[in-house]
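Several structures are given next for inspection.
Two complexes, one shared chain (chain A), two partners (chain B, chain C).
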Partner chain A sequence: MQKIEAVIQPSKLDAVKDALVEIGVEGMTILEARGHGRQKGHTEFYRGREYSVDLLPKVKLELVVKDEMVEQAVHAIITAARTGKIGDGKIFVSKIDEAIRIRNDERGEIAL
Partner chain B sequence: MRLSVVKVYLSVLFVLMFGGIVLGGASAMAQSAPAATGTSDAARIAALEKQVADNATAIATAQTAGDNGWMLVSAALVLMMSGPGLALFYGGLVRKKNILGTMMQTFAMMGVVTVLWALVTYSLAFGTGNAFIGGLHNAFLHGVGLMPDKDYAATIPLQTFMVYQLMFAIITPALITGAFAERMKFSAMLVFMVLWALIVYSPMAHMVWGKGGLLNAALGGRFPCLDFAGGTVVHVTSGVSALVTALYLGKRLGYPKVPMPPHSMVLSFIGACLLWVGWFGFNAGSALSAGTLATSAFVATHFAAAAAAISWSVAEWIRQGKPSALGAISGAVTGLVAITPASGFVTPMSALWIGLLAGAFCYFMVVKVKAAFGYDDSLDAFGVHGAGGTLGAVLTGIFANSAINPILGAGKATGLLEGNGHQLLNQLVGIGVAWSLSIVGTLMILFVVDKTIGLRVSEEDEREGLDLSQHGEEGYDWAH
Partner chain C sequence: MQGNESKGGGLREVYQRKMLEIRGAFEAGALGVATIAARSAAVDELVRGFWAQGVERDSRLGVGITLVAVGGYGRGQLFPYSDVDLLFLLDTKVVEKDVKDAIRRISQEMWDGGMRVSPATRRLAECEKFDGDNAEFTMSLMDHRYLAGDTAMYEKLAGQTVPKLLQKEHKAILGRLVELTGARHAKYGDTLFHLEPNIKDCPGGLRDVHVCGWLTKLEKIAAAAQKRAFIEIAEDAKEFVQAVEFLSLVRCFLHYRNERDDNTLAWQVQDAAAEAEVGLVGRRPKKVDAAYWMRIYFRHARSVERRVTQGIEQVRPAPKVSKLAGLVRSGGTKVRGRLVDATQEGFKVEQGRVVLEDSADGDDPANDPDVVLRVFATMARTGCSLGREAEERVSEALPLLSAHLEEGPALWHHLKGILTGEYAGRALRTMHALGLLELLIPEFHGIDALVIRDAYHRYTVDEHTFVLIDTLHGLETPQSGGMAEWAQRFGGVLRELPHPELLYLLALLHDTGKGRETGNHALESVRMAKSVLGRLELDSYESGLVLGSIEQHLEMSAALRRDIFDAETVRAFAGKVPTPEALKMLTLFTYADINAVHPDALTPWKAENLWRLYIATANYLDRSVDDERVGARAESELVHRVSALLPGQKAEVVKYLEGFPERYVRTRTPEQIRQHFKMTTQFAADPVQLEFRYAPGVSELTLVTPDRAVLFATMAGALAAWGMNIVTADAFSNRQGVVVDTFRFMDSFKTLEMNASEHGAFVASVHDVMTGNVSLEKLLSGRRRARRKAPKVLVETRVDFDDAASSHSTLVEVIAQDVSGLLRALSLTLAAQGCNIEVALVDTEGETAIDVFYVRRDGAKLDKEEQRVLKQALLEAMDENAR
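And now, the complex of A and B:
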């Protein structure tokens, strides 16, 4: 089992979600987030005063999938979320030790 | 079928009865006619005189109905400028932890200034007194009834005049709150405002608009200063007092390093649009009647606002590359401020000029001058109202036209462009008095309040925000 965390543009959420459902991903968690990478936000002007807004609105997806599905899922996210411009986001993948379904105590991949 | 037969029967009966009454009346008149020929001419003349008097009363009643209707609507429009207009405009410009605190400062004026007006400040402003301040004859609204006061407004009840003027007394101190936003104690603000209404607003209103006031152009002032709807009384006093308060109080914690952008441009946008609409009551209502002068002021007001919205936006577009929503609405407000003293004296074309100049001038004041001096006039009460009001008062002396309003007497030139350069001097006297009174009065009040109960909230309260620290509430509760 591995966890995929993807920080993407809010406007790409629907496309990414659809792409994941299409390849058979059954569950995900979505968080509204703010953050920045190397592009460091933008500037705003109010009555001539300049404000730099360095935390931009983003969406963070979290999903845990079987090992053999990881590459497929990552590919689906990249394909759906990419615009080619700065600010498209990042994907992080990490190992998961255990998954437990609260309803009936099932453990391991069957709980996903 | 049967129903319609009954209807026809009833109709015929009705016509017969009504006709009987009319015919009966006519025959009664026919009977009395021969008797009338026997009466003297004197009686006939008396009857005619009574008819003429009755007609005059009917005409006066009709005019009062028209004028009073407009003035009551105007009074309501001017109140709408404070709440919700100004409260939304200022509320959107602060950070979200201070929105309720900011809105409450304006709302408090709607309560406190109203009560004070009834007790004493109406009398101090509009009661008979000396050249500087009214007396106490009208304290507790004594003698302020439903009959007109011929000197102020001959066709509306004095109470209408009183309540209309009250709405100006409410919004004027509320304008100052923009300068000390996000850092003044609510209690200190209340005491400050009560003293300000007594020491600054009442004398200034009396000097410009009160009977025998030093600057009154219509009722025999020593220096007749043209101020149709409150360029000096409202905008110069509030704007200059705002600057003094901002300087005395010091900057907000973290200013200018910590970013303090407006938290909701949408609220400010709605507020500014409400101000624009309310301003028709402010300026056109200042005709104190529903006649042609009200139309002239209405048109001038609208044209100046539009021109100023454009000129601020263009200035911003050129200098910053983008025309912002805040720039457009700020520009409109500066146009409304600048046309306020001039609205009942100038042509629509002059109003366009006044608006164009005001938008660009106030943009310069807010963006350049404030940055150069580094004071924290948080929401630009001085840059918009002080600067715009002063400019408007000067331009009134230039553009005032006797064809629009022959206030200095029939056939006499009014403004500089008409050939009356002397008026510009009178305008400067009015501006000088308003600036001096505002600086001295406000400094005195600030000193007294600071030394007694203290002006500023604690650092901790300022960080937490006025909503929680002053009122125990939050404007936005995202958790529920």
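And now, the complex of A and C:
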């Protein structure tokens, strides 16, 4: 089992969710986030006041999938989230030791 | 022993058979109240049987011990899997340890029969005491019923002990009951709107029904003790009785389905209840779905919640004086510094509750729509509540109110007073519960208790509307917590709104279309709102603003799901909000709309994104004014509407409008544009045409004249000479060179307010200045300037240029401390530098002046050097003016 963490543009969330559901991934956690990489923020002026955006709004998805699903899921995220511009985001993949369903104590892949 | 066991087994078998019969009867259509009474009777028989057996086994049980049913069982109301509350009452002579086993055996027999028993053992003397930490025991004791054993001791309990206890401790018991109810309601978020409500413990549930009964009992005793009248709500009030029956039926359904004491209406249960049409009477749709069924549930729960709230209000101490401060303005009197009754015609407020005056000559104030609506405006303004009697009288008067209700500006005036009050949500909920809101706005009926069945929407559509209005009013006061910063920013936007009442009207009507199943509720809501606004007789600008906002009310949320830093997203969204006022309304509405979906829906993350989109769009609107102009062959709806007011002059109207920025036509009503057009037809007689509209707060003066140099500066100077503080202004010109300059200003010396006769002199003076008959410099030197107060907030001066905002002008934006003479100083400087003002947008936010000019010099944009020189000149002029 592996955990996929994807930081994407908020405007791409619906497309990424749909793409994942289409390949059979339905369980995921979505978090509101802020951040930046090479994409810098900018400054907006309004009524004489400066409003700088250093940390841009992002969305982070977290999902745990079976090993054989990882590449498919990563590909689905990339295809749906990519615009080609700086700020598209990043994906991180890490190994998961165990998964447990709280309701009935199921463990392992069956708990996914 | 074996004989006893088989007797016990026999009793249990009889009981189980009876349970099956009761269940059969329920499934065949028996009422909930009948089902729980039947189970109670069956348990009586069983318990008495076990008691008799117990006495046979141990004769000590038969002396000095009484078996009493308490709690729900005492009321004769036992749901299929509810606990059975028993009280073993012991005489002082009985040694408890001698009878302990016998008592335990009876409970055990019942457990063996599949029942959950809650036994308590007490002496009579113990029942006389009230323990605040175990108030539940006293509450259960209030519903006592003889089952078996020592009758004399029971009579003592019923005739002396309990009455004495209640007499002595009614205050403490009432207080504790109110506290416990409040804590229970708070545990459920103080709302009855849950996706999967617990029908026993949630607000509006069966526990609240019991609370109503206890409150009545205790309040009656309290009234007798204090020698005051006790007004009892008829226990057989139809709506309440129907609600109790419905909830009882549903709880029986839940118990039988789950086969345990589980009172949660989970989603699957809702589906099953809808399919079985549980509790539905009368007309219903062909196919009853869960959303429809839950709507019925919420209506009943609301009726119970209303009753328990009334009951608690009746016994609770009066609210603090600060909440009633608003009443001082409406005629309250202060006695020794404390606000006492506030009286208005037809009603007064006593101890935070509205009390209607008695009927006089057969005229009940409750029948007078004017009185009733002023009651609710008072509630909205001060947070006071409606007294029980007043509520009943208003409820009964609805048919008469309907007959006498006057529509039009009078109704709008009342509605405005209610909507803009700080406690509007409270007043509106009460009006809705009484049916009064639907009387005024029948379109609201479609969303009464309407359920949106998904995991995200917490509230029914009507409650969502009220929560939205509460959220907007919440922006008026400082908040704490994670949202404090955003509440402050959006609160600032709310304070800038010229017509906040329109925002609240938008909030009230925006989802009325959800009652129609057409798929596009925004358009349906527009249709509903049109008929409402027609009845209120709002003018076309106000109607246009509200209807446009309703139509677009989902657009900002939709834009937030796109890339808000993409110029195209901002441009597309800006196309949907024609004016800065519309943008502010939609922004505030969206903030509150998100918050009203679910308590956790509005996060600082979402608020920040909303803010970003708002300022980007506001800047876009200001920067696109110059380029977006009315064309020569304009066929817009506005052109048609103006032309309709001037029959036979369409060509002249189109010619007049050609070249004006779109902003001009979008921010004026057709009637105003007609007036300006008519003013141009008078140029031959007098080229300087002025229109003055006085208002106690902000007055307005519009100049329509052929363009010439220093026009704007001269007008600004003429106003400054009279001590007028310009709040906002705009200046537009058309292709023919006609300018329309509008100034909105406050009268620093209150000259116009205190001297109506000076209005004519004021306009004449400005006219003389504009025609050159009077020297402005002379006028300025002869008049005193408004005394300058030390600023509370220091504003840093900025002058910025934007070459890209317009294709043919340079945008100059000046942010500075708002002081008198500023606008004149700026416009004179622009003129001195050879700049022609194409468009001016002047605004004030607190102590900040925000002035935007689109300028050209010799028919072209300003180059960098010209910008540098102009900036220097403007800064010097502002410095000079400030001194």
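To be clear about the criterion, the second predicted complex is superposed on the first by the 105 of 112 C-alpha atoms of A that agree within 3 Å, B and C clash if a C-alpha of one lies under 4 Å from a C-alpha of the other, contacts with A are read in each partner's own complex, and residues count from 1 in each chain.
To be clear about the criterion, a residue touches a chain if its C-beta (ideal position, glycine included) is under 8 Å from a C-beta of that chain, and two chains touch if they have at least 3 such contacts.
Predicted model only: the values in this text are computed from it and were never measured.
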item	value
Touching partner for A:11 - first (chain B), second (chain C), both, neither	second
Superposition-derived comparison: chain B or chain C, residues of chain A touched	C
Partner chain(s) touched by A:44 [first = chain B, second = chain C, both, neither]	both
Partner chain in contact with A:100 - chain B first, chain C second, else both or neither	neither
Touched partner set for A:52, first chain B, second chain C, both or neither	first
Which superposed partner A:21 touches (first chain B, second chain C, both, neither)	neither
Partner chain in contact with A:34 - chain B first, chain C second, else both or neither	second
Chain C-contacting residues of chain A that also contact chain B	44-48, 51
Complex contact set, residues of chain A against chain C	9-11, 13-14, 32-34, 42, 44-48, 51, 53, 56-57
Chain B partner contacts - residues on chain A that touch it in the complex	44-49, 51-52
Sites on chain B touched by chain A in the complex	256, 259, 261-262, 316, 319-320, 322, 324, 326-327, 330, 363, 366-368, 371, 380
Residues of chain C that touch chain A when the two form their complex	561-565, 603, 605-606, 608-609, 611-612, 615-616, 618-619, 795-796, 798, 800, 815, 845, 848, 850
